[in-house]
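I have a structure here, written as structure tokens, and I will follow up with some questions on it.
Chain lettering (A, B and C) follows the sequence in which the chains are written, and residue indices restart at 1 in each chain.
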Amino acid sequence: MWRDAVLVAGKDLAVERRSRVALNQVVPYALVVLLLFGFAFDQDRPLLVQAAPGLFWLAVLFSGLLAVQRSFAIEASDGAVDGLRLSGLEPAGIFVGKAAAVGLQLLVVEVLLTGGVVVLFHTRLEGAGLLITSALLSTAGVAGAGVAYGALSMGLRVRETLLPLLLAPVLAPVVLAATEAWRSALGLSSADGWRWSGLLGCFAAVYLAGGVLSFGALMEET
Amino acid sequence: MRNPQALSSSRLTRVLGWSALAALALNTWWGLWLSPPDVVQGQFVRMLYVHPAVATMCYAGFGLCTLASLAWLWPRLRSPRWDRLAVAGAEVGAVFCLATLVTGSIWGRASWGVWWTWDARLTLTAILFALSLGYLALRRAVDNPHSRALVSSMVALLMALTVVVDHYATSWWVTLHQNTTLFKQDPTVHGWQLATMLVSFIAFGLAFAWLVLHRYRLEVLEERYETEGLASALEARRSEATAPLDVRTGFEGDRGPSRAPAEAVSQ
Amino acid sequence: MVEIPVLAVRLRSVVALAGLYPLLAGVDLDVGPGQILAVKGPNGAGKTSLLRVMAGLLPVAAGEATVLGLEPTAQARELRRQVGLLGHRNGLYDDLSAEDNVRFCVRAARLPKTAIPVALDRLGLTERLRRLPVGKLSAGQRRRVALACLVARQPRLWLLDEPHAGLDADHRQLLDNLLREAVAEGATVVLATHEASVTALLANRVVTMSGGTVLDGTTVLDDGPVPDDAPVVDDGPGHEREGITSVA
């Protein structure tokens, strides 16, 4: 399974490297979203500092939706889905590979968005350990849930609208927990950020395990 | 081949329906007139006779959906009846979920002047509602019955696990932000209030059962309609094969040694 | 080489559905090993669905099916490894080069990397063409890349849906040679086609599909033993009856 996962992740990242969709489209989209938040909050500086973690994770959520859509659009475009089914690759491996590719792209977006938040919302970075751990765990959760739900909407005509509807409520706890973890790390609240990271870990575990177990069946049925 | 009994009602549903109606009437009478207003909440306590029961039925519906989905996924137990039960539970649960949100909102507005509070349970219920809409939308998007059952049961399980995570997330989140009003949903009740509340549970419970049963039967009827439709669709599809022959030649079995293949096929 | 006269494909009253619509409405078909079977029929007859059932991609809703000795629905994953399907769409990744695409196919099938240049050469894909992103190639060139993936995997059963479409005369000849070579090495080929030249020059057996059924699927096998209960039907007049231009 790991061999297949590396192969699929490599393929997805190769497609990204050639087409540069994440770099040219998703990242600018995320940065523009941050700008729009700035406008919506009317440049209220103390408010922006307080709200920065939440806005950051919202921007990550929207970027995640785009990244997952893209991950499945490349399969759908020339009927490559049949190719995947016929390839003899293990479905669990395909799931892990795709989730890893989406996760890596999201991490790049997050790094750039962190820069954006520092500049636009005047955030001071501290508590690096907690920031990075919670970011890694939430990214794993977003990628896992995204690819799992992406698979089942893969063959459907209404994929573009159904996927956000399915994913957004599912990812709500990730936004919640990640925001709280970051608020704790940045000293904006007195909550226990590590407890929130634990919750993020649970969510990621549920969806990664669920995806591995069910991806085979989901790939067939659409 | 139209089945004359193409309705989802029966003696059981009629009994359930009438008793539900009677219990609801009793609930309304006791709730609005007989039981006294609360010392603290005044008249608004009467929401007690609607909201908790409705909320419980909402959880019952989703719980039913989750358990039925588990049963469907279990290889030895698999049967279409679990899938029908799952969709019945989800749809009825979604209706009660909306009712929970609305009654909760009204109660909040009446008691504390706000339509919404970021109370743990209300927030969780809102997320639950959104999840159920996604589940129902997904069911509509898949045509093949087996795929639909498989995909929705997996999604139901994933969503159930999400709800567990959400429960912790929202309750921790609310305790963090103590400045928002915490909604005390189970005030101490006794006497007439307790009795009326029990009646409300019975009434909405009966209504829930009635709705689930009808929805289940509706699903059975739809499946029957589809299978009958399938038989005639097969006929129509096969006739595409024989029709051109007749149209072109205008004769039956005139040319060639035998019509054996076409006959063998169109049994 | 297959010595025992076991059928490569055996279908009896196979029904396949898309939701409620019957794509296949009861198909009976026998395909012997080493045959090149051409499936003719009007649009909407079910040719593509037939190929997909044989690939194990479309579940069998009713009837019996055995492909390469396996049950296509229950043993789909094992079957798919031995089958190569070329559909209407090529199944390629537009942003990757031809070489990358074939490499992905080959490594996914756990075959050695040496198969890649061999397949690309066989399909006449020059160095320049190999490096371009597939999205920039012409339709015929993309078809050849898809065929290269297939050739590299060396499947036991080749399922091709109108493979000659979009290819010029030279490359059609190339494809025909490829298929004959594959059969000589023990593979079986089933192709769906509209074109009379294919059935004349390439196929050694032709069946017709209409209305989701195969009209003469269990007739005398050219390359195998005759089942005792097979009805004897003359292929010639049968084709004229459907109004399809005669083959010879």
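Convention: contacts are C-beta pairs under 8 Å (C-beta built on N, C-alpha and C of every residue); 3 or more make two chains touch, one makes a residue touch a chain.
What you are looking at is a predicted structure, and each value in this text was computed from that prediction instead of being measured.
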item	value
Interface with more contacting C-beta pairs, comparing A-B to A-C	A-B
Taking each chain's C-alpha mean as its centre, the one farthest from chain B	C
CA centroid of chain B to CA centroid of chain C, Å	45
Whole-Å gap separating chain A and chain B, where each centre is the average of the chain's CA atoms	31
Chain centre separation in whole Å, for chain C relative to chain A (CA means)	40
Shared-contact residues (touching 2 or more other chains) in chain B	144, 146
Of chain C, residues touching chain A in the complex	55, 57, 76-77, 80-81, 83-85, 87-96, 100, 104-105, 107-110, 133, 149
Partner chain C, residues of chain A touching it in the complex	4, 7, 11, 14-15, 18-19, 74, 77-83, 85-89, 220
Chain C partner contacts - residues on chain B that touch it in the complex	143-144, 146, 226, 229-230, 233-234, 237-245, 248-249, 255-258, 260-262, 264-265, 267
Of chain C, residues touching chain B in the complex	15, 17-22, 25-26, 28, 44-45, 59, 210-216, 219, 231, 233-234, 237-238, 240-243
Chain B partner contacts - residues on chain A that touch it in the complex	148-149, 152-153, 156-158, 162, 165-166, 168-170, 172-173, 176-177, 180, 189, 191, 195-196, 199, 202-203, 206-207, 210, 214, 217-218, 221-222
